[in-house]
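Two complexes follow with subunit A in common, the first pairing it with subunit B and the second with subunit C.
For the complex of A and B:
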């Protein structure tokens, strides 16, 4: 009844249960953090704006992105994945989300940043609807925990507009 | 001499009973595992509620051996979400992040493009020849939760089948021979 095997089993079961409980508590503790991130995005230049040979519009930007995401970090945060997406609607599509830039923030010290970059992914429409199109720049972030539930939220920056003609 | 014969008989029947009990216990363990799995499938709406990360394409977010909990849900797929998808004629599902979404006005059909955080290129090279976008039917679920390291056991077992059989054999033997 009280053999070595049974005792080892009891100890193992108990320690795994406690570990699972601690992981759950760590994940739940994230809910007490109420972050207040800020961000601004500027289009410094439109490098190209054309209709590709297959008929789809393409735009190339130089962007200035500054953000302060330090308040997203808690003790259970492994990394924050942040990306900027252009979001707009066209007669064909009720929603288009095109990722323009993304980055991985490994630590709180790197969470306040300002970058000037060309768009990392190509901004191509499904069709030829980009001339004079209003769109939002939306900064999304996905908080990756050390363990437990993942969080995501966004900051919508409205009021961007593409030019009326190709260049 | 009747006394001894009776004892032997009762001893024999005890052994058979004991063996039957062990078989039933083993059956209970297997079926309760199945019940939990099917229950998770119902609750999450995903055909595989738990997956083990097998590649390095999503590092540093997910490493080999991490476990992901999936959910399908009614909400539409949006950029930034980590989805698990199946490509036609490819056996192993892929866990990558959505970077582009185009949702049709009338039918609400979606075109989705994915990319691994640790890859330089988007996933069009992984899709079937000529495939530009993922549609809803390719997507098995989206990752909602995460547990590190736990899945490494399954990686070890699939890479070394001998360990798997030894482990299953040892556990089965233990379950049958243990006296309780």
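For the complex of A and C:
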């Protein structure tokens, strides 16, 4: 600590070490948050349901997605990525996941929302298995923190069924 | 900066940074704002820099007391006269 430069070096290195430490503790503090998000999805209309020329089934929805994800936000949360997937099983694949809609929630104030939209990404099956198919709507989310570990979880909304015939 | 001042500066630097880090984390966590934590800590680091880096008079309260130059004349260097005395000085 005999010279100006030596003292400046000591202060800066020690302060950055402690900064890393408080960021790590901030990340650990996220584990004390036990979120209780809620979501409902309604199919307002089936706009189209057809077999494409290559033999794959395609469905077009108008969806009403309402969710309250405010409890996911902590002081260490930068943003939340959320996407809605249709999940169902077919004889060929035990789990099919088709993303229908996604969004980025930048702040807690935007985390309680209700949107009525057509599915953002096309719902196409690998094959012709969608007639009369039971499926789940699953809301997945990834919590992106300012520092530290990312969290991911989902909410399964069961009890959806596609019609028996094309329209 | 004297010896005592260097010790004080190092301890003061460590204590101030740790205390500001704890204060920043607690205020940030209670208010629920990561930004506030960063600002409080940044303020603490700036304050620590201003306190411990410049050579304040505070750090120079224990100057080393060198002997007066006149002492040199009272205790002259032993002169090399023979090999015996040479060994003695080497041992010293």
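Methods note: the second predicted complex is superposed on the first by the 158 of 167 C-alpha atoms of A that agree within 3 Å, B and C clash if a C-alpha of one lies under 4 Å from a C-alpha of the other, contacts with A are read in each partner's own complex, and residues count from 1 in each chain.
Everything below uses one rule, namely that a residue touches a chain if its C-beta (ideal position, glycine included) is under 8 Å from a C-beta of that chain, and two chains touch if they have at least 3 such contacts.
Model, not experiment: these values are computed from the prediction.
**Student:** Let me test your reading of the model: by the given contact rule, A:26 touches which partner, first (subunit B), second (subunit C), both or neither?
**Tutor:** Touch partner of A:26: subunit C, not subunit B.
**Student:** On subunit A, which partner touches more residues: subunit B or subunit C?
**Tutor:** In the superposed model, B touches more residues of subunit A.
**Student:** Of the two partner chains, subunit B (first) and subunit C (second), which one does A:102 touch, if any: first, second, both, or neither?
**Tutor:** First partner only, subunit B.
**Student:** After superposition on the shared chain, which partner residues are touched by A:75: those of subunit B (first), subunit C (second), both, or neither?
**Tutor:** In the superposition, A:75 contacts subunit C only.
**Student:** With both complexes superposed on chain A, which partner does A:126 reach: first (subunit B), second (subunit C), both or neither?
**Tutor:** In the superposed model, A:126 contacts subunit B only, not subunit C.
**Student:** Who does A:4 touch here: subunit B (first), subunit C (second), both, or neither?
**Tutor:** Touch status of A:4: second partner only.
**Student:** Which holds for A:91: it touches subunit B only (first), subunit C only (second), both, or neither?
**Tutor:** It touches subunit B, and subunit C stays clear.
**Student:** Once the structures are superposed on A, label A:146 by its partner contacts, choosing first (subunit B), second (subunit C), both or neither.
**Tutor:** both
**Student:** Between subunit B (first) and subunit C (second), which, if any, makes contact with A:15: first, second, both or neither?
**Tutor:** The answer is second: A:15 touches subunit C but not subunit B.
**Student:** Show which residues of subunit A both subunit B and subunit C reach, each in its own complex.
**Tutor:** 146
**Student:** So in the complex, which bits of subunit B are touching subunit A?
**Tutor:** Interface residues on subunit B, with respect to subunit A: 60-61, 78-82, 97, 99-105, 108, 111, 117, 122, 143-148.
**Student:** Going by the contact rule set out above, which residues of subunit A touch subunit C in the complex?
**Tutor:** It is residues 1-2, 4, 7-8, 10-11, 14-15, 18-19, 21-22, 25-26, 29, 74-76, 146 of subunit A that touch subunit C.
**Student:** Per the contact definition, I'd like the list of subunit C residues that touch subunit A in the complex.
**Tutor:** 1, 6-7, 9-10, 13-14, 17-18, 21, 24-25, 28-29, 31-34, 37, 41, 45, 48-49, 52-55
**Student:** Looking at the complex, which residues from subunit A come into contact with subunit B?
**Tutor:** Against subunit B, the touching part of subunit A is residues 23, 27, 78-79, 81, 83, 85, 89, 91-99, 102, 104, 106, 121, 126, 140, 142, 144-150, 152.
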